[in-house]
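What follows is a pair of complexes built around subunit A, which joins subunit B in one and subunit C in the other.
What follows is the complex of A and B.
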């Protein structure tokens, strides 16, 4: 047995709570990225600035998740502690572009 | 979803809708009432949008269900305290059944 298997045998992981935590992060990422797109459209951002806006917003939400959702201890709730920062960071990108372009067009009278 | 998160989310969506309407009005005036057509968005609309988004993110993070500990030991302890242990069936095996208790309960139920 390699190291990882041994760790799993000594300190087993609850797959049920892992799935529940991952789902919570996924939901927050998808909903917030849609609203980030609305914001980027209202601000009339173009090209790279829109994507920068997305990543700034994602970083902000990651910060909130780290301190409020995971109470500063992501290792206790995820198998990889970086999941709070990088997990599902790109899943919202498509819905972001959708609402971004839609609001950009709507706001332009 | 708690009352606080609902409140924060509602406020943020109202702010966002107002900012969107203001941005629309601004571009409308720019096109029909002025000659200067390359003016940037007023600062108050930008601030309103950014505040709305920040509040929305906060509201969603507050609304999320509390995370469960990923360590099986911690999770099982917590679940058992709540009364729905994944190992409850082990305590209902034949060897663990208190026959005398069940018999006296049965007698009482007949008498009643």
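What follows is the complex of A and C.
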């Protein structure tokens, strides 16, 4: 048994906690993308600026998750440490477009 | 808005088309969630022997996965017992017929077994709950809300979308950004996922769109009470034999071997 395997056996990964963490990231992405959509709609952003707004917002939320939720050590919470940055980054895009479009239309009209 | 506002939309469009569609879509999603929950058949009570037949496999897998936590002799005795029991068909549901070398009457057709039928029904129900409301909603929108421009998208689209998103509007030169209500329907269909997540909590079954197919496939496994990789109609004895082989092949290393050395090493007592 090599060193890495041994460490995995001594401190095994709890799959329930992992699933819980993944779910938390998913939920945060969903909610924030909806809110970003509202923001983009009210600001009246168009075409590329809207999508830029989404990605900037997503990156900001990733930053918050990295420093506040994961306390700078995402490797303790996810099997792949980059999950905080990339995980579910696009799941919220459709919700973003929905609320963006709606608020854009409402403000415009 | 560089070009002068070429169209002015009636605000009552918003009150009587935009909001009703949104509301109806949300409510239909919630309804779908609860209907799916109601339609899920409760797992049937299985008799003791059938459960034991399935759980024996889990037992073997557990031994293989967690064998490192028990000492060598415990592992070996479990290994010996399990392999022998598996090979002799100790855990089989109808042990007598196995011992008498009866030909297994195994129905190869999964439909013939009640468990398989259940799975099919569950899948069918899931698909029905998906398809029926979508068809209804789409025809509802097409019937009542077609033939006018509902809203303006905040992002440009290529001209190819014109025929879909502006269906029923007979203008040749109108910008594709002006869309009719059917595209609002599509936006809701794909975008309401997170709204459902907020209302119903995650793991809801309200979501429209792509992921339902996977979920519909995944759920019936729980209903049948079977293990993954345990298809109805499969020869259980063969599964047991292969599990016995797996256990025999499993290497064992006790986690606490040389623990003293490692501990001392860790605290640099050497």
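What we mean here is this: the second predicted complex is superposed on the first by the 97 of 109 C-alpha atoms of A that agree within 3 Å, B and C clash if a C-alpha of one lies under 4 Å from a C-alpha of the other, contacts with A are read in each partner's own complex, and residues count from 1 in each chain.
Here is the rule we go by: a residue touches a chain if its C-beta (ideal position, glycine included) is under 8 Å from a C-beta of that chain, and two chains touch if they have at least 3 such contacts.
Quick caveat: nothing in here was measured; it's all calculated off a predicted structure.
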Fit or clash between subunit C and subunit B when superposed on subunit A: fit
First (subunit B), second (subunit C), both or neither touched by A:16: first
Which of subunit B and subunit C A:61 touches, first, second, both or neither: first
Partner chain in contact with A:106 - subunit B first, subunit C second, else both or neither: both
Three-chain overlay, vertex subunit A: subunit B-subunit C angle, C-alpha, nearest 10 degrees: 90
Which superposed partner A:27 touches (first subunit B, second subunit C, both, neither): both
Touching partner for A:98 - first (subunit B), second (subunit C), both, neither: second
First, second, both or neither for A:36, with subunit B first and subunit C second: first
Subunit B versus subunit C as contact partner of A:45, first or second or both or neither: second
Partner chain in contact with A:85 - subunit B first, subunit C second, else both or neither: neither
Shortest span in Å between Cα atoms of subunit B and of subunit C, once chain A is used as the common reference: 7
Shared contact residues on subunit A - subunit B and subunit C: 27, 31, 44, 106, 108-109
Residues of subunit A that touch subunit C when the two form their complex: 1, 6, 9-10, 23, 26-27, 30-31, 33-34, 40-41, 44-48, 50-51, 91-92, 94-102, 104-106, 108-109
Subunit A - residues contacting subunit B, complex: 11-14, 16-18, 20-21, 24, 27-28, 31-32, 35-36, 38-39, 42-44, 57, 60-61, 64-65, 68-70, 76-79, 103, 106-109
Touching residues on subunit B, where the partner in the complex is subunit A: 16, 19-20, 23-25, 27-28, 30-31, 41, 45-46, 49-50, 52-54, 56-58, 60-62, 64-65, 67-76
Subunit C - residues contacting subunit A, complex: 9, 11, 13-14, 18, 22, 68, 151-156, 184, 187-188, 190-195, 197-198, 202-203, 253, 255
